[in-house]
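Next come two complexes built around chain A: one with chain B, the other with chain C.
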Partner chain A sequence: MNITKEDLDKVALSEEEYGLIIQGLGREPTEVELGILGSLWSEHCGYKHSKPLLKLLPSKSKRVMVEPGEENAGVVDIGDGLVVVMKMESHNHPSAVEPFQGAATGIGGIVRDIFTMGARPIALMNSLCFGPLSQVHNRYLCNGVVDGIAAYGNCLGIPNVGGEISFSECYSTNPLVNVLCLGIAHEGELVSSSAGGEGNLLMLAGADTGRDGIYGASGLASRTFGGDQELRPTVQVGNPFLEKLLIEACLELARTDWIVGMQDLGAAGLTSSAIESAAKGGCGLDLDVLKVPRREENMTPYEVMLSESQERMLLIVKKGYQDRVKALFDHWEVPSVVIGQVTGDGMAVIREGEEITAEVPVSLLSSPPLYRPRARKPSWLGEVQSFDARSVPDLKPRQCNPTLLQLLSSPNIASKEAVYRQYDHQVMNNSVVLPGSDAAVLRVKGTRKGLALTTDSNGKYCYLDPFVGGVIVVAEAARNLVCSGAEPMAITDCLNFGDPEKKEVYYQLRECVKGIARACRELQLPVISGNVSLYNEARDGAIYPTPVIGMVGLLDDVSTCCTTSFKDEGDLVFLLGEVLSRDEGRDGLGGSEYLEMSHGLVRGRPSIDLALERRVQRCLLEAIRAGLVKSAHDCSHGGLAVTIAESCIAGNIGFRGGISCRLEEQPEGETKATSADVRLDSVLFGERQSRIVISLTRSALVKLSRITRKWRVPLAFLGEVGGQYLVVEGYLDLPLARAKKSWKGGLPRALSGNA
Partner chain B sequence: MYLAKVYVILKPTVNDPQGLTIKGALHNLGFSEVSQVRAGKYIEIKIDGDGMDKTRERIGRMCHELLANPVIESYSFDLEKI
Partner chain C sequence: MKFGIVVFPGTWSDRDCHYAIHDVLGGGADYIWHKETSLFGYDCVVLPGGFSYGDYLRAGAIARFSPVMREVERFAMSGGVVIGICNGFQILCEAGLLPGVLLPADHLQYRCQWVNLRVENNSSPFTSGCHKGQVLKIPISHYEGNYYADEATLQELESNEQVVFRYSTASARITSAANPNGSLHNIAGIVNREGNVLGMMPHPERACEAILGSTDGNVIWESIVEYYQRRSG
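On to the complex of A and B.
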C-alpha cells in the first residue's frame, strides 16, 4: 500500500505515528488496519494528549467502586446495596455540524454508557455553551441542540433534570454540548465491559450498520475544521425508540449469568468497542464483518468497522448461551447476531468471510503514543489579568435598579425555563427539586435517600486564570450541592479545550486540570469518569478553556433537602461566607458578568480561598441537616443583588434590607457592615466565591451562630423576607413583578432574536 | 399563480428510523415482500410568482433554507402554473 500524507490526514495520524505502526506490525498496515489504528489512536479514543494530565486527578474515595477508564462510567456506593453510575460526555463537533441530530445522538451515547454497565438511567443533565444569540446561526444551533436533547431524552422517558447554558462570542460556530447521565443499580448487577474466556462469543445487538459517522472520532473530534460542508456525510441519525428497547433488553440481560461483558458502540463504532473489550480482558478476538447486519449495500470492511450507526451494543456471551440471548432480544424486537469470538492469542483479527483484512495485536491498538506537548503561558494572559477597578467608574445609586434589571435579563443569568420546560423533567416520578434551583434533587425509591446533581462551568474564569478557574468550577459545583443539603460524593468531568498542539492551549489545559485536582483534594472529591474534547476551534481561534464539572451528592434523608427560594414573611436573610473586602483584586469585579455587560471588559482575576470554601460548605451542611436553614442559594453569576433577586423570584416574595458598603470584622467571625470605601458595584454585583445567601426563622439564629462560630465562618445580616418589593435601602427599590419579568423574559426574547 | 409540489427525503446514507418502523409494521401485517421503506415529506406551496424561472429559484431557496435540512435531506420539486 502506498501511503501519502493525504491518506494519513484522513485518519488523523502523523508520519511519526505511521512509523510506530510499521514498527509494531513489522510491516505496512492494510487500509482497514490503518483506519482502525487512526480511530483508536485519535484523541477522542486514545487521549494521547491528555492522559498524562488526567492522571493528576484524584480518583479514589471510600465510596468509589469503579475508577475512570476501568469501565464505561464511574461507580460510587450509596449504601443499601445500591450504587450510582455517572458519566458526562461531549458531543460538540457533531452538534456544530447538525445541531438536532448531534445533540440527540449525544444523549443516546451517554445513556448507553450507563445501561451498558447494568444500571438503569434515571436522570440526564446538560451543560451547553453557545455564541451570542444576537447572531442567527447561534440561534439556529441553540434551538436545534435543545430540540434534539428534548426529542431523544423525552422519547426515552428519562427525566432531564437541569444543567446550565452560557453564551459567549468564543463559542460561535463551535458550541459545547456536554451531556451527563446518572444511573442506579443494585451492587450485584453491575456488568463489566471486558471480554474474556477463549471461545466466548461476540454478539452485536440493535440497529443495522450503515455508513453513518465514518471518520467521526478521527475526523471530527480530533482536529479543527473550518469549512464543514465536506464533513457532512458523517452525520448520524438516532432512533430513541430502538434505544428504549435496547435499555430494557440489556438490563434484563444484566440480571442473567449468560454474559461476561457488555459494551456499547460509540465513537469509532465496532472497532473501539470490540478492541477496548479485548484490551480490558487481555485477550484477542476474531470477527467477521460479513456477519454484521447492514442497512446499506456494498459496504467495505473498513466502513463496517468504523461506522458510527447508533443504538448498537456488543455483547460478550458465554459459549453455549447465544440462543438464550437471542431469544431475550427477540422478545424486545431487537435484532442480535453472533459476529465473532474471543480468542486467547491477543490478536485482533478482522475478516470478511475467509479473507483476513486486518490482523493487529490488541496491545498495539490499545496503547497509542502519549504526548506531553510543550506548554507556554499565553503572552496576553498578564494583560487581561491586570485590571485596576479604578479604571472604571463606580455605579451611582440611581443606576442600581436598571443595572440589576439588565443583568437579570441577560441570557447568561436569566431564567432558563424557556429551555428546560421543553424537557420532561418529572417522568419516572423521582424529581424532588426541579430545574432552576442550584442543584436538582432526586429521591432514591425504596430508601429515604436522595441524590443531588449539578453541572458547572465557567469558561470566562478559566480564560482569565486557568488554574484558579479550575479550582472555582469544582468549588462552585460542590457549593451548589451543599445548598441543596447534599454531601458531595463524586465528579465526572468534560474537558473542552482548543488545539492541544498549540502551546498556549496546552498550558490552559494543564493549569485547569491542576486546578481541578487541587480543589478535588481539598474538598476530598474523586473524579470517577469523564471525557476530553479538544480541537474546539472556530473562526477566531480557540474557545475559552471550558472544563465542565458534573457532580453528584447524597442526602441521607431526602425530606431535609433545601431550595433557593425565600419562604415566609419575617424570615431573616444572611450572607454566609466571605464578606466584603478592600483587598486588591478581591472586589469580585474581575471576570464578572457585570464588568462585561456594563463596561465591555473581560479582565481581572477570579480568586478563591479553598480553606474558607471548605469551612463554608461544612458549616452550611451542618446547619441544613440541623433543620435551621429555610433557603440557601449560591452567590455566583451576577453577585449578591442577583442572588437575592433570584431567591425572591423563586419564592414569589420580596426582600427588604440594607447592604452598606462598609465593613468591620468582629473577632468572633460574625460581621456587621460599617466604614466606607468598598465600591457599590463590587458590593451588589461582584462575584466573590464561598458565599451563600440563606434565610431562616428568627428563632434559629442562636443555633446557627453557634455553628458558624464553630466553623469560623463569617455571617453577615442582610435583611428580611417579606412584601412584594425588592429593596436594598438607598440603592435598589423594585417591584418583584418587574424583576421577575426581566428575569423570565430575557432568554425567550434572545432565542426568538428580539433581544 | 403557481403550484409547487415539494418532496423532501433523507439522503440515501442517512439512517431513517421512521422508514424502518413503517417497514417493520408492514412486515407485521403480512406484507413480507416489502424490502425497503424510506419516509419523507410532501409539501404544496401556492405562490404568486413572477415568471417560471424566478419562481423556481425562489422555491429552491425556500427548500434550502427551511423546508429541507440540506445536511441530511435532499429535495426536489415540480412547479406548475395554475
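On to the complex of A and C.
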C-alpha cells in the first residue's frame, strides 16, 4: 500500500505516528488497519494531548467506586445499596455542522454510556454556548440544538432537569454542546464493559450499520476544519425510539447472568467499542464484518468498522447464552446478531468472510502515543488582565434601574425558561426542584435521599485567567449544590478548548486543569468521568477556554432542600460570605457581565479565596440542615442586584433594603450597611465569589449568627422580603412585574431575532 | 380492583402511572405488553404517555393497530373504564374511541409545564371525587395536544357534557392565556358519550406527591376506584 500525506491527513495521523505503526506491526498497515488506528489514536478516543494533564485531577474519595477511564462512566456510592453513575460528553463539532442531529445524537450517546453500565438513566442536563443571538446563524444553531435535545430526550422519557446556556462572540460557528447524564443502579447490578473469556461471543444489537458518521472521531472531533467543507455526511442521524427500546432491553439483560460485558458504540463505532472492551479485558477478538447487518449496499470492511451509526450496542455474551439474549432482544423488537468471538491471543482480527482485512495487537491499538505539547503563556494575557476600574465612569444613581433591567434581559442572565420548557423535566416522578434554580434536585425513590445536580462554566473567567477560572468553575458548581442543601459529591467534566498544538491553547488547557485540580483538592471533590473536546476553533481563532463542570451532590433528607425564591413577607435577607473590599482588583468588575454589557470590555482578573469559599459552603450547609434558611441563591453572575431580583422573581414577592455603598463587618460577625466611597457599579453589579444571598425568619437569626461565627463567615444584612417592589433605597426602585418582564422576555426576544 | 397499564414500544409514563396507582395509593396495577390479546382480570385500562413507535408518523397512529387495541375497544364497548393520558389520549382518538384529533401546538413547540384544569363534569367515573369548578394543578408534557374537532362535534361534546377538563387560570377562569397549546374551547380532557372512556393531555400520575409539587392528580385514580366499588358493591 502506498501511503501519501493525504491518506494520513484523512485519518488525522502524522508521519511520525505512521512510523510508530510500522514499528509496532513490523510491516505497513492495510487500509482498514490504518483507519482503525487513526480513529483509536485520535484525540477523541485516545486523549493523546490531554491524558498526562488529566492525571492531575483527583479521582478518589470514599464514595468513588469507578474512576475515570475504567468504565464508560464514573460511579459513586450513595448508601442504601444504591450507586449513581454519571458522565458528561461534548458534541460540539457535529452540532456545528448539523445542530439538530448533532445535539440529538449527543443525548443518545451519553445516555448509552449510562445504561451500558446497567444503570437506569434518570436525569439529563446540558451546558450550551453559542455566539450572540443577534447573528442569524447563531440563532439557527441555538434553535437547532435545543430542538434536537428536546426531540431526542423527550422521546426517551428521561427528564432534562436543567443546565446552562451562555453566549459570547467566540462561540460563533463553534457552539459548545455538552450533555450530562446521571443514572442510578443497585450496587450489584453494574455491568462491566470489558470483554473476556475465550470463546465468548460478540453480539451486536440495535440499528443496522450505514455509512453515516465515518471519520467522526478522527475527522470532526480531532482537528480543525474550514468553513466551506461539506461535512454533513459525517454527522449521524438519531433514532430515539430505537434507543428507548435498547434502554429497556439492555437493562433487562443487565439483570441476567448471560453476559460478561456490554459496551455501546460511539465515536469510531464498532472499532473503538470492540477494541476498548478487548483492551480492558486483556484479550483478543475475531469478528466478521459480513455478519454485521447493514442498511446500505456494498459497504467495505473499512466503512463497517468505522461507521458511527447510532443506537448500537456490543454485547459480550457467555458462550451458549446467545439464543436467550436474542430472544430477549426479539421481545423488545430489537435486532441482535453474533458477529464474532473473544480470543485469547491478544490480537484484533477483522475479517470479511474468509479474508482477513486487519490483524493488529490490541495493545498497539489501545496505546496511542502521548504528547506533552509545549505551552506558552499568551502574550496578550497580561494586557487583558490589567484593568483599572478608574478607566470607566461609575454609575449614577439614576442609571441603576435601567442597568438592572438591561442586565436582567441580557441572554446570559435572563430566564432560560423559553428553552427548558421544551424539555420534559418531570417524567419519572423524581423532580423536586425544577430547572431555573441554582441546581436541580431529584428525590431517590425508596429512600429519604435526594440528588442535586448542576453544570457550570465560565469561559470568560477562564480566558482572563485560566488557572483562577478553573478554580472558580468548580467552586461555583459546588456552591450551587450547597445552595440547594446538598453535600457536593463528585464531578464529571468536559474540557472544551482550541487546537492544543498551539502553545497558547495548550497553556490555557494546562492552567485550567491545574485550577480545577486545585479546587477539587481544597473542596475534597473527585473527578469521576469526563471528556475532552479540543480543536474548537471559530473564525477568529480559539474559543474561550471553557471547562464545564457537572457536579452531583447528596441530600440525606430531600425534604430539607432549599430553593432560590424569597418566601414570606417580613423574612430577613442577608449576604453570606465575602464582603466588599477596596483592595485592588477586588471590586468584582473585571470579567463581569456588567462591564461587557455597559462598557464593551472583557478585561480584569477574577479572584477567589478558596479557604473562605470552603467555609462559606460548610456554613451554609449547616444552616440549611438546621432548618434556618428559607432561600439561598448563589450571588455571582450579574452581581448582587441581579441575584436579589432573581430571588424576588422566583418567589413573586418584593424586597426592600438599604444597601448603601459599603458592607462592613462588625465585631459580632453581623454587618451593617454603612456608606463610604466604594463604587456603586461594584456594589450592585460586581461579581465576586463565595457570596450567597439568603433569607430567613427573624427568629432564626440568633442561631444563624452562631453558625456563621463558628465558621468565621461574614454575614451582612441587606433588607427584608415583602411587597411587590424591588427597592434598594436611593438606587433601585422597580415594580417586580417590570423586572420579571425583562428577565422573562430577554431570551425569547433574542431567540426570535427581535432583541 | 386492578388497573392494567398498557405498554407500547416507546411508552414511558407506564412506570409513573404504576408508581402513582400502586406505590402512592396502594392500588393493584400490572403492566400489559401491547401484544397481549386478553384484558381478563382488569377493571380499568390505562393507556399511558410516551412516544409509541417514536410517534414518527402522527402521534398514536401506529399504536392503535397494536394487538392489544382490539381488546381495549371491546373492553370499552362493554362499559369497561379506560383512561388515556397524553399519548394515550392521542391513541384513543386515532382508534376512534374518542372524537376529534390532537394537532401540534399552535406555537409549534413541545411544552412541559404546570397547568391548571377546571373540572367541568364531576359525574364521570374519573372525577366523582371532585366538585364542579374545582381547579386541579397538573403538568403537561407534549407537542401534539391541541384538541381539534369540527363544529358539530364540539357542539355535541358541550351539550352532552363530555368535556371533563378545561385549561383555566388558578382562579378557574377560562382564558386564552391559560391555554398552553391552542386547544379549541380550552379542552384538556374529554369522555366518550357513554362516559367510560377518558382522554386527557395532562399527566395526573405526575401530580401524586406533595414533594413533586401537587397531589391533585390522585383524585382521578381515587374516583375510578370509588366508581368501581360503587358499581360492584
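We adopt the following convention: the second predicted complex is superposed on the first by the 747 of 755 C-alpha atoms of A that agree within 3 Å, B and C clash if a C-alpha of one lies under 4 Å from a C-alpha of the other, contacts with A are read in each partner's own complex, and residues count from 1 in each chain.
The definition used in the following text is that a contact is a pair of C-beta atoms (placed from the backbone, for glycine too) under 8 Å apart; a residue touches a chain by one contact, two chains touch by 3 or more.
Keep in mind the model is a prediction, meaning the values are calculated, not measured.
Model built by superposing both complexes on chain A: chain B and chain C fit together without a clash.
More residues of chain A are in touch with C than with the other of chain B and chain C.
Within the superposed three-chain model, A:427 lies in touch with chain C and out of touch with chain B [touch as defined at top].
Of the two partner chains, chain C is the only one that A:156 touches; chain B does not reach it. By the touch criterion defined above, A:443 lies against chain C but remains apart from chain B after alignment on the C-alpha atoms of chain A. Applying the stated contact rule after C-alpha superposition, one finds that A:295 touches chain B and leaves chain C untouched.
When both complexes are overlaid on chain A, the residue A:332 reaches chain C alone and has no touch with chain B. Once the two complexes are laid over each other on the shared chain, residue contacts for A:310 go to chain B alone; chain C is not touched. In the superposed model, A:101 makes contact with chain B only, not with chain C. Within the superposed three-chain model, A:239 lies in touch with chain B and with chain C [touch as defined at top]. Angle at chain A (Cα centre) between the Cα centres of chain B and chain C in the superposed arrangement: 60°, in steps of 10.
Superposing the two structures on chain A brings chain B to within 6 Å of chain C, judged by their nearest Cα atoms.
Chain A residues 239, 241-242, 333 lie at the interface with chain B in one structure and with chain C in the other.
Residue ranges on chain B touching chain A, taken from their complex, read 10-17, 20-21, 24, 69, 71-72.
Those residues of chain C that touch chain A in the complex are listed here as 9-10, 12-13, 15-16, 19-20, 23, 50-51, 53-56, 109-113, 139, 141, 143, 203, 205-206, 208-209, 211-213.
Those residues of chain A lying in contact with chain B across their complex are 97-98, 100-101, 207, 210-212, 232-233, 235-239, 241-242, 295-296, 309-310, 333. Interface of chain A with chain C (complex): residues 150-151, 154-157, 239-242, 244-245, 332-333, 421-432, 434, 443, 445, 558-559.
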